[in-house]
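In the two complexes that follow, chain A is the common piece, with chain B as its partner first and chain C second.
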Partner chain A sequence: MSTRDRTAIPPRRRRPRGSRAERFAPLVLLAPAVLIIVGPRLWPLVLGINFSFTGDGDRDGTAVGFDNYLTLLGDPLFLTALRNVGLLVLLLPVAVAIPGLLATFLHLKVPGHRVYRGVYFFPAVLSPVIVGAIFTLLLAFDGPLNTVLGGLGIGPVDWLGDPDVAIFAIVGVHVWATFGMALVVFLAGFATLDPSLLDAAEVDGATLPQTIRHVIVPGLTRTIQFVFVTTLIGMLTSMFGLVYVMTSGGPEGSTYLPEYYVWIQQGQMNQPALASAASTALFLIMLVVGLAQIAVLRRTGGED
Partner chain B sequence: MSGTRRAGWVAAIPMGLLALATVYPLVFTTNVALKTRREYVLDRFSPAGSWNWDNLVRAWTGVGMSRYFLNSVVVVTCSVALLLLIGSMAGFALARLKFRGSSVLFLGVLAALFVPFQVVMVPLARIMTGAGLVDTWPGLVLAYVAQFLPFTIFLLTSFYSTVPADVVDAARIDGNTVYGVYWRIMLPIGAPALLSVGVLDALFCWNDVLISLSLMPSAEHRTLMVGVTSLRGQYSDDIPAFAAGVLIAAVPVLVVYLFLQRQIADGVTAGSTKG
Partner chain C sequence: MKQRTQWSAALAAVLVLTAGCGSAAGPGSRSGGPADKLVVWDWKSGDAKAAGYVREAKADFAKKHPGVAVEFVAQPFDQYYTLLGAAIQSGRGPDVVLFNGGGQIRDRADALAPLDSYVAEDRQRLAGWDAFTKSGKVYAAPVTLQGHPLYYNKDLYRKAGLDPEAPAATWDEFVRDCATITEKTGARCFALGNKEGIGIQFWLSALGSAVLTPREYDDWVGGKRDWSSPDVKKIFELWRQAGESGLNTDGANSTAMFNDAFAAFNSGKAAHVIGLMSDVGHWKDFAEFLTPDNVGVRNAPSVNPVAKPSLPYDGGIGYAVAKWTRDPKQAADLVRSLTSAGALEAFHRDGGAIAADTTIGTSAGGPAVRTIVSEVKAGKPALHVALGSKTIELMGRLSQQLLSGSATVDDALRQLAASDKTG
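Let's turn to the complex of A and B:
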């Protein structure tokens, strides 16, 4: 439409015309989204919680109270999965600090920072399946990593075959594959940081640890929290591919995670009600993470 | 030289080594994929003598990678198209139309973001079985759309909120209906955001293994990532062919990354800066 058309026909009203079709526009535009979010996502959540209080096999469909949850607590594999979640939480600060520190250096424009940024981010776009497949080659007992370590007089280490080592190997690979995501988020946070603060710190002759502690960490509180939460969610919900490809939960069930347990019970053991109970437990863990996030945000919001 | 500058120079060395460690696994895999079995057994590290495309050809034709590849392309294309259409409609309505309950709906979208597939997997598989959608393409596409729609809506709503109100008003004065504003104004203006979100959605769907594994049991319906998980059994004593299969699955993602790195990073950070 040209400007001349607009002047020729004076606008009747600035407000949207209230024709019938227009009044229902929000409904029409949102209906598909609402149906899809409620149908295959929120509704199954309710069904699943409900389902976790019914039985499997002979007791299919009958109410069994908390039996499934008691079964879970008596199952060493599920307890291992929970223990591994605890381990992930303990390792979380490391998984956040690595990209945080790297982002700091990139922001300070270390030589070659443009190249590093592109390189570090790239494993983040690879599927855990591909990453897992590549690392089964690299971490094999007679594989390249042990060959290199052997050359240095270390090892060999049975990365994926030793129950005490395998879970650390998998978490390590997960961090290798995903630290680029957090790195990019940190860099976006740095872009909002007042550059004069960093300059002032430099003029005052602050050392790097001092700058990090007194300028960067206080300035990036929100970003750091966001990375903490998304990293933990990533650990809880996107390591299935790695476990599935690299260890299948072994050796001796030592690399079970809740999501893998759910899949095994549902897909392999044909115990969907028990699987539902395990999913509900996973959901509760996620809920705690989410609520902790909100609580932390509130608290820092009050300080501002 | 100040403390931070000097630390930067010192850090450049380990950071360079880390960059090598980031790239090396893929370089190693590529090199192995181009070796003959004999070369691999004799020396894992040496560069492939003559580039041996035979492994790639075998993986592509021999164990059904070509079929899985096509399956993935079809499913990802359909899923992303639907995600962008439904997501942009909802995002536009949530960001630009004033109606009762819009904030409640947006909260619902945020809540759905925190419901991972693992949590709804069992009941969803039951619903899908009941509806006859297990092991069908529409079923898998529906599961992907349901999985990634909250994220898509969230980002597109944020984007459409930044479009100046004047643009919408002017379009209304020109006689556009609400739908006209959406179709003729918002979709073109939002093209960069759609590209960014679309690329991320495509990566999510392409890289998924759990959803596909639980909803598509039959071998001929495997997506590429599920195909990769089955490679190991098929090529347990033929590592170069295994590496070739892995490489085939990784190459499309690497190509996308090379060309759309900025868009991917924008999509990842869009959620974080909105706070």
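Let's turn to the complex of A and C:
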């Protein structure tokens, strides 16, 4: 509203209304954004968390306090799911090191690096269901991998049927299917690496491990941290498809993840409130992980 | 950061204050669709094989209620009970709902209208009502029968020099014949897929009538289950032994029952498989690969001389009426049309299911289907169908442990007894 407009109208009656409008204007302008965030985003979240404090079956709709959460803590399947989350965190360095190493080789222009770049990225465009189906065939007890191992004189391994092996098989397949993205991020990181440092290392006669240890890793600290963050999120939120297709949570419940647990409780056991409690627990885990990651990223940002 | 913490604290406070105030959508908000239209949820009607069935049922219903439109909504089976759970939570959704018999419908009976007064006339004509009954009330009318016949490959029997028309009557003879078949043809005794823990359900039901006394069997189905009885223990002991002694195909814990185990049977890698009566993994599927004349069906070989082996079967799928529908009588009439003789005959003919109406003709189906239909009269409800879904899920996991040797039969039975008691 320009000054001229304002003076054109008698100021006495307009002043107070104008100032009130001015006071409300920011709220009105913000309202659509706030409503979009609160309506379709926060409100369902609140409902879901609220729902997790109600009962299932006969106790549908009645408040049960923390009963669902106590049930979760007493359910060996949920505890297995949490333990598997811990395992994923432990395996994270491996999941980051693989694309890191491969990106290093690509950056150092090993023979055929252009081909490899495409090949490595290719699985990232496949849906987990397709990847899962392919590897279910490959890893079957009478599948090709065991045939090859048999040819080498190594006894068959029941990759997806042995409770001690299956979760590693699934994580391995997940890493195989998703490391292409991390690889691209690493390659972008390499683009920011000062080539004169690599040249200097070469002139000084550094070996490849020495170059990685003293030049590449320090130079890519932020990239590595970023890849850690995104890989962990990927592991925690997008392995459902693989678990569903490859093992159905088995054998012996050894490959349960929180997401899969939520799905089983809601869809198969008809316990939506318990499923809500489990998803709230998953949400809290993600919140803690996310806040920790923000803290890490902020610290490194401060260092620059 | 500090401000964000305050916001988080405020949000948390709101959550704690409102915690437990009620379900996401209370059961009070029930409402049905308009009375001139009925919505049916299923996972069948999208299938081309079900087109004739749907047409027959619609025509039958149109005769009774000419002005009422019927809409079939085919949901993906993978997501069916998840979607249905959401509909039940919100208290609105389809008027007529397709269900699997047993735990799936009993767990959700709260959301359904009892049909006893509407379907009284059909009680004699149709079989398999038990699977849709809870606390004495019927919640759905059966469309197909589902059960677990023991199928065998007559060709492998012949190759092993055995008479396929007179398979072994007792368990010991059966195991001996299996050894002969494996020796002569390389095929295993059982094609087993237990990746999802389904294998044990089939095993329990197929072998149950050959191990339990008729009294024990009826008690089990009636809810009086003694998990510590020697006969019950025997069923699980046989399961463990079959795995240990190599009767099963390799890698059972990583083989999917649907359809890798059935594929192993179809390709002659195993002489027997505990299959289904309807839908998939049944006489029609096997006949496509092995030819109808090579598919044999039999009751389980006798383990306990006092037991009376019979065909374990229940109502397979059936249509129920949702509690929130506006006119339950009208919806029940649609259920009756969906289970009318004409519709079920089309379902049997096109879909290859054993229809709940055993009076319809089955002569075109080959020798296996004739054997199955003839056994229906003496058949009994399957043992695993009587169990709750939690116990079923636990049994699946324990069965995998029994195969891998990481649990003992006693330990498994103790856990199952505890789970069965709490429901």
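Going forward, the second predicted complex is superposed on the first by the 261 of 304 C-alpha atoms of A that agree within 3 Å, B and C clash if a C-alpha of one lies under 4 Å from a C-alpha of the other, contacts with A are read in each partner's own complex, and residues count from 1 in each chain.
Convention: a residue touches a chain if its C-beta (ideal position, glycine included) is under 8 Å from a C-beta of that chain, and two chains touch if they have at least 3 such contacts.
These figures come from a predicted structure and were not determined experimentally.
Taking chain B and chain C in turn and counting the residues of chain A each one touches, the greater count comes from B.
Applying the stated contact rule after C-alpha superposition, one finds that A:Val64 touches chain C and leaves chain B untouched. When the two structures are aligned on the shared chain, A:Trp176 is found in touch with chain B, with no touch to chain C. In the superposition on chain A, A:Gly100 contacts neither chain B nor chain C. By the touch criterion defined above, A:Asn270 reaches chain C but does not reach chain B. When the shared chain is aligned, chain B comes close enough to touch A:Leu138, but chain C does not. Legend: residue contacts after superposition of the two complexes on their common chain; A:Gly234 is shown touching neither chain B nor chain C. Legend: residue contacts after superposition of the two complexes on their common chain; A:Pro163 is shown touching chain C, with no touch to chain B.
Residue contacts after overlaying the shared chain place A:Pro123 against chain B, while chain C stays out of touching range. By the touch criterion defined above, A:Leu47 lies against chain B and chain C together after alignment on the C-alpha atoms of chain A.
Where the contact sets of chain A with chain B and with chain C meet, they give residues 42, 47-48, 51, 263, 266-267, 272, 276. Partner chain A is touched in their complex by these residues of chain C: 11, 14-15, 18-24, 26-27, 79, 81-82, 85, 89, 107-108, 110, 195-197, 250-255, 260, 389-390, 393, 396-397, 400-401, 404, 406. Taken together, the chain A residues at the contact with chain C in this complex read 42, 46-51, 53-54, 57, 60-61, 63-65, 139-142, 156, 158-163, 166, 247-248, 250-253, 263-264, 266-270, 272-273, 276.
By the touch criterion given at the top, residues 2-5, 7-9, 11-12, 15-16, 18-19, 21-23, 25-26, 28-29, 32, 44-45, 86-87, 89-90, 92-94, 97, 99, 102, 105, 108-109, 111-112, 114-127, 142-143, 145-147, 149-150, 153, 169, 172-175, 177-179, 182, 203, 206-210, 213-214, 225, 228-229, 231-232, 239, 242-243, 246, 249-250, 253-254, 256-257, 261, 264-265, 268-269, 272-273, 275 of chain B touch chain A in their complex. By the touch criterion stated above, chain A contacts chain B in their complex at residues 1, 5-6, 11, 14, 16, 19, 21-22, 25-26, 29-30, 32-34, 36-37, 39-45, 47-48, 51, 102, 105, 108-112, 115-116, 118-123, 125-130, 133-138, 143-144, 147, 176, 180-181, 184-185, 187-189, 192, 198, 201-203, 205-208, 210-211, 222-223, 226-227, 230, 233, 236-237, 240-241, 244-245, 258-259, 262-263, 266-267, 272, 275-276, 279-280, 282-283, 286-287, 290.
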